[in-house]
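Each of the next two complexes has subunit A plus one other chain: subunit B in the first, subunit C in the second.
The block that comes next holds the complex of A and B.
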């Protein structure tokens, strides 16, 4: 697979090394001449000095035959432009962008970037998994459908405890798909299922309805 | 000083022919030393590295055949190789390391870049990264 990595920072450098060790044909594009030369001295002819946002640079890099372009510069805007030029001018089948500001993720997806990777969100997800008291955990992102699978633990004293699901003000796009009770018994919920304290509810929801879902189930 | 394995990168210039003659002299006749003549085809990134560029391959074959003939006329042992690489300099260095040569001999013709004498990109790279001795055979300015 021919993979182009835009950005020769630490992420780009280690990503390039890892992809090379997996046997892929990799080319890194780095704007800074000194950094580019240092990487070329160490890794060989896999680093091209140039601006990965410019069509001329991407053309010289053979982007038209690339299977994937990964933009991992420190600027969200540069990553967006590099991916968009690759996608729309060179028809690269798969584009991946690093996103520093998690609020940009939705915009990137709307603009046609296939995959976004937000280090902030990844760390947050780890915190959610590692800290049991955290009420909402992201289990899975179904990026092509714009949905997320989340798990919400119903705390004792929550407003939803003792209520049936039909009594809750759930956002219309969100669906509760599974409830795991204290005794580890999974239940497929119906509209008459009564929520209990310590229930673990697995729900499918669009990211924008996440707060409303959390409020409906936890009552905060 | 005796050099028993000499790498001579050739690009089909007049300087290459003279460098080849010098390599034969240094290697010594009567099968003393071995000369490796290589021609590197730089492949654009828009093409896969293993793509067959017919025009370049034909030209490279004739350069290597001519180089082989020159060495045979001098009574030297020679092996030729055609390489494809993204950049010429690293390809020469990799070949020198792989074949464990003790000399790289490059013919340099007189070139100007923006009115100034220039060695280009390949020679400085080889000088910087060579694992062995390097001789530049600079062709006299005509």
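The block that comes next holds the complex of A and C.
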């Protein structure tokens, strides 16, 4: 596969290395001449010095025959434009953009970028998992539906302990799909299920209702 | 008319001033307060600190009620992205943006953005001046 990587920062560097070792034909485009030269010295002639958002540079890189373009610079706007130029001018079948600001993921999707990877969200999710006291963890994002699957641990002393699910003021778009109770098998909650302290609740929710969901379950 | 101008550089500040004098409701958005020194002391519009690629900042600037949005920051790609957010997410009726790079301007014009390349316009103007 012929893959073009835009941006020679740390992500671009390790990505290029990994793709090369998988046997792909890879060309990296880097704006900074010094960085470009360092990479060329190290990885061989796989780095083109130029602006990956410019049609002329992409043309010189043979973008028209590329199977994929991956934009991983540190600037969201540059990644967006590189992908859009590749897609609309050179008909690249698949474009992947790194997104720094998590809010931009939805915008990129709407503007036709095939895949977005939010580095910020990925780092946050991993750190949340390592902080045991964190009451809400992101398990999964269903990005094409604008939903996420989260896990919330009910601490002792929350107002929701001892209440049935129908008594809670849950946001209407959020659904509690599973409760994992201490030393018991998982249960599928009904409106009459009573919440207990230490319950792990798995819920499906749109991101914008996350705060309301958290408040309903673990508010005091 | 309610207008949001992103980028309060020389062009942005001047446009804001002209529209304000004509009685339009203007908000100038910039991520550096120092830029607002370019607005005249009697400027009647709003100068707002914020990143024009941030939906929250755009909402604070009143983009949801805006009749027009103009992106004139120094970065072509910033202008392109902001203009697309204004057009496709907030459905602002009139969206203009500046793209210095003529090739990029041509591509985004094809994609439906109303974009102006000062490079092309100014070079053309200079050429005509030289000939006359």
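Heads up, the rule we're going with is that the second predicted complex is superposed on the first by the 216 of 220 C-alpha atoms of A that agree within 3 Å, B and C clash if a C-alpha of one lies under 4 Å from a C-alpha of the other, contacts with A are read in each partner's own complex, and residues count from 1 in each chain.
The rule is simple: contacts are C-beta pairs under 8 Å (C-beta built on N, C-alpha and C of every residue); 3 or more make two chains touch, one makes a residue touch a chain.
All of these numbers come straight from a predicted model, not from anything done at the bench.
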Subunit C versus subunit B on the shared subunit A, clash or fit after superposition: fit
First, second, both or neither for A:54, with subunit B first and subunit C second: second
Touched partner set for A:62, first subunit B, second subunit C, both or neither: first
Touched partner set for A:89, first subunit B, second subunit C, both or neither: second
Touched partner set for A:80, first subunit B, second subunit C, both or neither: second
First (subunit B), second (subunit C), both or neither touched by A:101: second
Per-residue contact with subunit A, leading partner among subunit C and subunit B: C
First, second, both or neither for A:145, with subunit B first and subunit C second: neither
Partner chain in contact with A:184 - subunit B first, subunit C second, else both or neither: neither
Partner chain(s) touched by A:25 [first = subunit B, second = subunit C, both, neither]: first
Closest approach of subunit C to subunit B (Cα atoms, Å): 19
Subunit C-contacting residues of subunit A that also contact subunit B: none
Residue numbers on subunit A that touch subunit C, as the complex places them: 53-56, 75-78, 80-81, 84-85, 88-89, 101, 103-104, 107, 110-111
Contacting residues of subunit C [partner subunit A, same complex]: 53-56, 75-78, 80-81, 84-85, 88-89, 101, 103-104, 107, 110-111
Residues of subunit A that touch subunit B when the two form their complex: 2, 25, 27, 44-45, 48, 59-62, 64-65
In the complex with subunit A, residue positions of subunit B that touch it: 44-49, 85-87, 90
